[in-house]
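First chain A sits with chain B, and in the next complex the same chain sits with chain C.
And now, the complex of A and B:
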């Protein structure tokens, strides 16, 4: 645990001091300001537009940050050979990977929190914000970010190419939002084999369609029990990807 | 123990499947399927944003384009001469198909199609309201507007206005519809009623898009009530 927290602290500081993190957080704030301008075109629906576009901007920036950071997390250290130095110390590979992953997610979460704070302040110009629902939407976005982070890490270790890992990460992101569509297609399919294959594939890919709380904000709100299951899903899915990453990382020979 | 992490991963994945099935059982977001998005000049944008998981922002952008179209400034959609607002119904439906909770888009489109002077295509208005009612049966304004259109077609103007006025302060009532209602009152010489409606529009911060017009209308109607000719604007 001590090793994990030491690696976590070092990774967190490393990201916060990195120019890429700072520029993405600044770009997020610019996007929020952009949402303020664009929402003015929405006339009487301005608060709705401000809410949707702001949350979408936060999520888009978080996605880009987490994919970029986690794909480079281990690969960059392998390339620069810094990993040899670390692994010569009494550090378990699993602890090292967990610390690195958690530090990265924490850095991205900090960026999200900064953007959300600014967004919430802007939203307060248009009336009281439903804090509970806003936090639930942010929680779901963080869940998606954590799952994407774990998936990107796994892909980077499995494919050992940054470009390929990033491309596959984007592919899984899109596929994750198609999970409902895939099940719909499976229902329509006449072939039992095809149906089973599509359903299996839809379950293997992350289910982001049911995680888009910000997209169904204006619909009837899901209950607290749903949120608990969504949190369990994100933790379990990210955990499964991380465990696979550890398996791959432990088998690697440096 | 070489495959220890593989086994942990399998257990966690099964847990994720269990949690996912419970998540889906407890709440299933009602969005129209991808195949229901219609082709058109904005199909690529809609498909890209939907695929990337940004359905609500896609509907918001479609709403802005709908407003721009009604203001006459969407180069991709030019009306043929003699066919005003011919793309209004598809544009309104586009917003609703991206996000069915965007009731205002359908109500806005239906309001213009059914009650705008020189347009008067109530059949099209009923068509889009029916789609709205099918997707969101809990929204009372769709049924109310259909009933108001039916009164209009029967020539029962009084009941039509009474019905529309009953929805005046509901949060989903579009500002344009409120303005149409006030103008309907004024066109029949009911200046006091029209004045009261414009004052309510002016007092509502959500109707800020019509505040400028409301201010001018209030001056005009007060002058009409006082018996003086309306001030030139």
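And now, the complex of A and C:
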């Protein structure tokens, strides 16, 4: 636990000082300002547009940040060889990986919180914001971010090329929005092999339907059970990716 | 119990590219034992296997065949790493942090209790002459300062065994003298020191024994009385023992 928290603190500090992270956070704020401008076209629907565009901007920036940061997380440290001095201390590789992952998710969550604060302040100009629903939406985004972070980390260790890992991460992110469509295709498929392959692929890809707060956002707040399932799915999927990442990382030589 | 033990250790590097596999021998059947409290120098040309041997000790590489033991336990052993201090051939430190922050990290990773950490960090940075620079980012440090920071992280937890990979390479004469004094201080404290070097004059001044590696094989081991008081004895033995395997011929100005 002490090792994980030391690596977590080190990673968090590193990201906070890293200009690339700061640039994406600032870009996020620019997107929010853009959402404010675009929503002016919506007249009566302005608050709704502002809400949807703002949340979409926060989610997009968070996903881009987490994929970029986690893909580079270990590979950059291997390239700079700073990893030599970390792993030659009494640090279990699993603890190191876990601490680095958590520190990265925390840094991106901080960026999300900053953007959400600005968004909430802008929204308050148009009337009261339903805090519970807003926090539930942010929670869903965080779950999605954690899942994508763990998947990107696994891809970076499996592929060892930053470009390939980022490309596959984006691919899986897109695929993750079509899980039910993939299962529909599998049901319609005539070939047993194809059906099995598509079903396996749909389960291996993240299923972002679990975090789709937009289905209920404008009608009702999500129930506690729904939120718990989303959290459980995020933990399970991210946990599985991290477990596989540890297996790959244990075999690495430097 | 020996401090370090290599038992018929071989390391073959395999690289695969477009279906073609290339094998390079890093170490070939290394048999070597280093006693506790001994200062042992590893001499060899570039590519002779010095760094490979050290990385096998530190768990950064895994042997292809044979066994590596450090302080009685088979390497890599996470618990034993708490009793070993290591500096690589260059100071691979994360330059976004300050001297104090990086030392806090390594103090935490080494298992130094939280109440003692700050005092040990300040003390160790003072001992290596970085007390005035400890709150500066490592990106502002000179090469010599980075090397000192690297030494500090190796010694902060008062290890029994210290492994130094080419500690004097690239240092000015004053810094070389200080490193030599440091090795002699560690020897006086009863620590075991293994260091690799190209510099025969440094090795012969501080070592109890030396081993000469050539083409991954340990070709000669000499005790101090075989070179002490005999000018050029070590240099002659080295020149006779090594064979160039890097594809580079001798310099001939005739």
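Rule of thumb we're sticking to: the second predicted complex is superposed on the first by the 242 of 254 C-alpha atoms of A that agree within 3 Å, B and C clash if a C-alpha of one lies under 4 Å from a C-alpha of the other, contacts with A are read in each partner's own complex, and residues count from 1 in each chain.
Operating definition for what follows: contacts are C-beta pairs under 8 Å (C-beta built on N, C-alpha and C of every residue); 3 or more make two chains touch, one makes a residue touch a chain.
This is a predicted model, so every value here is computed, not measured.
Of the two partner chains placed around the shared chain by superposition, chain C is the only one that A:89 touches, whereas chain B remains out of contact. Touch criterion met: A:207 reaches chain B, while chain C stays clear of it. When both complexes are overlaid on chain A, the residue A:247 reaches chain B alone and has no touch with chain C.
Between chain B and chain C, it is B that contacts the larger number of residues in chain A. Touch criterion met: A:2 reaches chain C, while chain B stays clear of it.
Looking at the shared chain after the overlay, A:41 reaches chain B, while chain C stays out of its contact range. Of all residues in chain C, those touching chain A in their complex are 55, 58-62, 78-82, 84, 86, 88, 90, 92-94, 96-97, 101, 105-106, 108-111, 150, 153. The part of chain A that touches chain B in the complex is made up of residues 38-39, 41-45, 48-49, 52-53, 56, 59-60, 94, 173-174, 176-178, 180-181, 184, 203, 207-210, 212, 214-219, 222-223, 225-226, 229-230, 232-233, 236-237, 239-241, 243-244, 246-247, 250-251. Every residue of chain A that touches chain C in the complex is listed here, in rising order: 2-3, 6-7, 9-10, 13-14, 17-18, 77, 80-92, 253-254. Only residues 2-6, 8-10, 12-13, 15-17, 19-20, 22-24, 26-31, 33-34, 50-57, 59-60, 63-64, 67-68, 99-102, 104, 174-175, 206-209 of chain B touch chain A when the two sit together in their complex.
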